[in-house]
Amino acid sequence: EPGLIIDLGGKFDKSFNESAYTGAQRWVEETGGDYVETELQSEAQREQTMRRMAERGANPVVVLGFANASTLEKVAPDYPDTNFVIIDEQVDQPNVKSIKFAEHEGSYLAGMMAAIASETGTVSFVGGMDVPLIRKFACGYAQGAKAVNEDIEVIQNMTGTTPAAWNDPVKGGELTRSQISQGSDVVYAAAGGTGVGVLQAAADEGIYAIGVDSNQNYMHPETMLTSMVKRVDNAVYDAFEAAEAGTLETGLEVLDLESEGVALAMDENNEDLVTEEMRTAIDEAKQQIIAGEIEVHDYTETDSCPVEM
Amino acid sequence: MTKMPRWADIALIPLINLALALLVAGIVLLFIGQNPVEALQIMVRGAVGSTYGWGYTLFYATNFIFTGLAVAVAFHAKLFNIGGEGQAQLGSLGVALVCLAVPWPHWLLALPAAIVGGAVFGAAWAFIPAYLQAKRGSHIVITTIMFNFIASSLLVYLLVSTLKAPGMAPESARFPEGAWLPSARELFASIGIEFSRAPLNVSFLVALLACWLVWLLLWRTRLGYEIRALGHSEPAARYAGISPPRIVIIAMLISGALAGLMAVNAVMGEQERLLQDNVLGAGFVGIAVALMGRSHPVGVLLAAILFGALYQGGAELEFETSVPRQMIIVIQALVILFTGALDNMVREPVTGLFLRYGKRKPAPGTPAE
Amino acid sequence: MAAHDDTGRPDTAAPAIELKGISKAFGPVQANKDISIRVMPGTIHGIIGENGAGKSTLMSILYGFYKADAGEIWVHGARREIPDSQAAIAAGIGMVFQHFKLVENFTVLENVVLGAEEGARLTPSLSKARKLLKQLSEEYELHVDPDALIQDLGVGMQQRVEILKALYRQADILILDEPTGVLTPAEADHLFRILEGLKREGKTIILITHKLREIMEITDTVSVMRLGEMTATVKTPETSPEQLAELMVGRKVLLRVDKAPARPGETVLQVDNLKVTDSKGVERLRGVSLNVRKGEILGIAGVAGNGQSELLEVLGGMREGRGSVQLNGQELDLSGTKSDARTRRRRGIAHVPEDRQREGLIMDFQAWENVGFGYHDDPAYCRGMFMDNAALRKDTERKIEKFDVRPANADLAAKSFSGGNQQKLVIARELERNPDLLLVGQPTRGVDIGAIEFIHQQIVALRDEGKAVLLVSVELDEIMALSDRIAVMFDGSIMGERLPSETSERELGLLMAGISDTSREHSIKEVEENLAHSGGKVMT
Amino acid sequence: MDFLTIIQIGDSTIRLATPLLLACLAGLFSERSGIIDIGLEGKMLISAFFSAAVAALTGSVWLGLLAGVAAAVIFSLIHGLASITFRGDQLISGVALNFLASGMSVLIAQDIFAQGGRTPSLSGDARFASLDLPFAEALSGVPILGPIYSDMLSGHTILVYVALLAVPATWYVLFRTRFGLRLRAVGENPGAVDTAGVSVKRLRYGAVLICGLLSGLGGAYLSTGLAAGFTQEMTAGRGYIALAALIFAKWRPWQALGACLLFGFLQAVSNRFNSIDLILFEIPNAFVLALPYILTVVILAGFVGRAVPPRAGGTPYVKER
């Protein structure tokens, strides 16, 4: 029986956690299987929750987010018969499978779309917690935007430096308003629950917004340009399925554009906003990235970004 | 109005208060469509039905003993220390610095050093509010609340800057192995008993020792006498040559040190690294524990175990049902409300009953004149 | 129980107030037991009784402040329910409490209108009240500045505000609870003139006091209370102070202390130019100089709040001061860590504080813990940093026996002893230390006659052993009876020193009012003005 | 910093100061009557939850507002019961209520919406819309004052204006009415009020109810005005900052406005900049965030004027010992 530990922010954050939850639910629907699920309430409970899952016999135990890395490092050796899956960070233990995403690639496409949509020549980014992972989003976004319009200005704000930054919609809204006052007319939120405030502020002020992780297009159909979905749902689904079949491989796996691990969400909610120009530009860039013709820089590799923000 | 036997004061009334709190909590559970009896069963089983349960129950209890004693010592000096949370945060910092600074060869060496580190940092964080209360009359309740916020800002700042370990999460590096405390599992294994993997560790013994020392301090030493005297009457203390500012500061230093010691259990015993919040509200639980335990170390010990069970049981409840862990916070709130704020609601009628039915036998101390 | 009417006055008019069978208990303490009393309209009715007899309780019930457990209240012949002060005010009753009920940082005017405002808006009420207040104060010679803050007024003035409050509410029955406790004799005289005036207007006055002299002087009828019961009601002209005293305490009393003449030796305490400034920056002692010699009692007289408390506190090490204090020729520190009570005790100063419940004892500590209080670092009671509880308990048992503390149980909390026995515990603790200097404040406040005699004897005995005693008391009688020399304090200074044999209550009274030239006649006005600015406050 | 930024920060300051101001005035009424209230945080939180929940369920923000205020008032009544009727410890009661709010809000949210302790996002009539002040459009062209009026002052939700108007109203009630006189008196010396024939209990309950009303408005603003829905612990210490502002303001309404604007400004600034560059050194964001708390401690320490609280504050009124 697989287990899933929903991270801080809750399974209905409309974003990262929700995506994982959806994947687990899809697995339940499709296979009729059962899984154990619990929700973290605080940072310091990671250990108890992981242990509880393992003690209870859940296998594999899927944990979401980089914040689990150091705890998992400690817990995994205590339960050699249990497999663990961690998303967004790499843990080198024999019984751990690490799944990472090529967020920079998806964000590049989002940046292109933003640049095309922008009339003011300024677009912006609201991140959650200021960590390399989020800078990776931002950097990819900026590269994409500059690829369309070299002179475009990209404003970047991080909500905070602690996990609380994932869950502060009020501040998200304030940051967005400030970016709007600086001229931004497309905002990309990669901020977990904080993003809800960003998208809301964008809708209130009538500018375009780009969601993240889950498909958030439905939230404000009039203003949601697209969402940079990260298929955490697929990752969870696959992990569950592989475990059931006994084929779960530990080690690192990276999900990118090619494997459809990241993508831009196109659906009925944003079809009126997405122009033909955007569609073609994106499709083209996507192919080029897959083909290796466009090299999108990954912030985490150098801890720096080649373009100005 | 004290014509009530002592046992009623220290046992009966707290128990009635607790029962009321649980009753209301049960109603809340019913209201959200859960079966309170079932919930209680899950909680009890989860908390004390296995060595795993006990391991967590007593682990939490260890935290609460320290913070409960911290609040209790301050209560004896009539100080309401709401700053346990911040003091424990700083205690965490102290413990972490000690553990990280030296490549400890053995935990027996690291433990005393960490105790000192946690206590000193916790005490230092209590010192400023204490000093301001003693010398400048600033209300300690407000200043300690403020210091809780300042402490968490400080820790955030340190964990994203100087103390941050490589990686994305704001946390310190893991302590060297020599600073890891033996867990109950390891200790029991050495005498051949199987115990689950749970974070219960030798700090629990430190906590028991702290209970005894606090008892000794309060009721057997001159300092304790002075603390209690000040708590009962400040003019009287001054009359007796007890310096109120001095005692306020000392009592708060002890209180802060006890709160800081919590980190030995939480940071050194479990996390083995500094996180942004190691305290998890234990500073506040200490208030409930001290109130329920009537500020007596034995009472604090029992109340801490009760709350430990509540926390562990609550975690299990969340695991097994859809009741969120916040249920424990509700129970905690109700316990504080009934034992602390609504005490007279129970006390007055109970006293009335004793007065009415206890009249026949004259209580000792009725006037001889 | 039927109301008794010992006065034999024919029932022409309905009594202004009639209480029938009032009972009231505070927890275990029965403060009032089945009390009945009649107060005839247009009279001044005195109520006397020892401390704790239940006088204030009874009046507070009449004023709706407390609720009686049983009994009826009749006002002008009609039964009235008085569940709260509002109802009492509506029934025309006004009360001036023993401890004033004023808002310190409000003006006089605001205090007067509080609760009696007309309409929801304040401004019209205030201006209307201002006019009425002016009229009232002229009518009854109750002059106060309507815009002064209460905290800036002396006690006498504050009392006037209280009376004005009652009159503003058109009270025709006025209760005054120990109004003269905080007044000088001259001020008291003025108050009595005001009361006479009110009586002439047809108002009824109930006056609580335990000063027999005042009763004899001003009342028409007097009721005596003892231990929560009403023991008698008599017409004033038909009784005598001796009879009243006997009714009050239940047996014949000796109204003076037997003591041999003092044989003073060398100086023990020498105080020069001692000054104390309180936390608000007000100078409470303005350069006090005095000395006390071996084998004598120096009594400090004065209206409460003129610096006596501060004098005791600074000598006892409870607050800091400036100037010079020498004990047996050695200078004492007046500030810094060496100026605390602990150091003073080590130097041989024992201190019976003015307020035993607030200062002298920890009410929740057991008797044995209290016997070590202040001496808890005495090697006899400690072992290193630990307390030697067994030694302490043993010593307590000895002291309880010697001083006849009842009940003789060292494990009882201090609060379970009666006031008199609490005081005995304090006296036992302090006198047994064999001090060079005994500071003693209000030694018999709230203590029954029997215990008073005992305590007075103990103090005199200590003097006869050749110790120095500094006695502070607001009871002029006590000062006169015990002291070998009397110093009078006014507004933080010593106004003068007198020998008991060569002075009179009148002379001391003038000194207490701040008038040092006691040879000429002084107008009441002058006395008042002096006091109004002395900053004297009611002690709480 | 250019003019536009200043206007933007001013605009944000007003928004962020509003919940603080409402809570601060709430505390002012309570504490002026002698009831210390460290439960402001809890009252705001419970109101934030109930207003968002009811607004989400009914689609009407006004019903939500009503529910939020009602919840805060109920909390006030519990506080009153503990501290007025049963003469309990006001601080402890406040602490308990803060916990109760933080637990109950999530518990009920989870029960009703099952969205991890939050309410669904509010939109349309379930949220307060912004109001344009008269002539905002027309005056926006006027240099300097125009933007200040039309961009900074105009365009907030109605509760912002309610909060601003509550300041003079509080002043008037406190210093110009019979109720205010009695209220101030009962916080200084309840015995005086009692013997003047006014019920201490009734007055204090009155004050505590007003406190519930105002803190309820503050909480409702948070979840239905400032944000669009309730999230866990969304008050984030604002109740304590309001308390700090109250002390800073020395329990006076106009000063309370000033203090809340200052603290709102600090939040606005820290929201906008991750660190403040003062050329010589850089102030980390954590410090800016902690600044209200540090300021409060400095004020309490008496280094910037002494704050003398109402004298009877914190002590229950007991007639019979």
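Think of it as A, B, C and D in the order they're written, each chain with its own count starting at 1.
By our rule, contacts are C-beta pairs under 8 Å (C-beta built on N, C-alpha and C of every residue); 3 or more make two chains touch, one makes a residue touch a chain.
None of these values were measured; they are calculated from a predicted model.
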*Have a look and report which chain pair racks up the highest count of C-beta pairs in contact.*
B-D
*subunit B-subunit C separation of Cα centroids, rounded to whole Å*: 45
*Centre to centre, by mean C-alpha position, how many angstrom separate subunit B and subunit D?*
30
_Length of the line joining the C-alpha centres of subunit C and subunit D, rounded to whole Å_ = 46
_Measuring centre to centre with CA averages, how many angstrom lie between subunit A and subunit C?_
77
*Among the residues of subunit C, pick out those that touch two or more other chains and give their numbers.*
none
*Spell out, as numbers or ranges, the residues of subunit A touching 2 or more other chains.*
39, 130, 161
_subunit D residues counted as touching two or more neighbouring chains_ = 114, 117, 286, 321
*Which of the chains are touching one another, listed as pairs?*
A-B, A-D, B-C, B-D, C-D
*asked:* Under the stated contact criterion, what part of subunit B meets subunit A in this complex?
replied: 52, 56, 156, 159-160, 165, 167-171, 174, 196-199, 266, 270-273, 275-278, 280, 315, 318-319, 324-326
*asked:* Show me the residue ranges of subunit B that touch subunit C in the complex, using the header's touch definition.
replied: 1-3, 220-223, 225-226, 228-229, 232-233, 235-236, 238-243, 355, 363-369
*Can you check the complex and tell me which residues of subunit B touch subunit D?*
1, 28, 32-33, 80, 82, 128-129, 132, 136-139, 141-143, 145-147, 149-150, 153-154, 156-157, 160-161, 284, 287, 291, 322-324, 326-334, 336-337, 340-345, 348
*Of all residues in subunit A, those that touch subunit D in their complex*: 6, 9-13, 17, 39, 130, 157-158, 160-161, 167-171, 173-175, 177-178, 181, 193, 196-197, 200, 203, 219
*In the complex formed with subunit A, which residues of subunit D make contact?*
4-5, 7-8, 11-12, 15-16, 114-118, 121, 123, 222, 226-229, 231-232, 234, 236, 268, 271-272, 274, 285-286
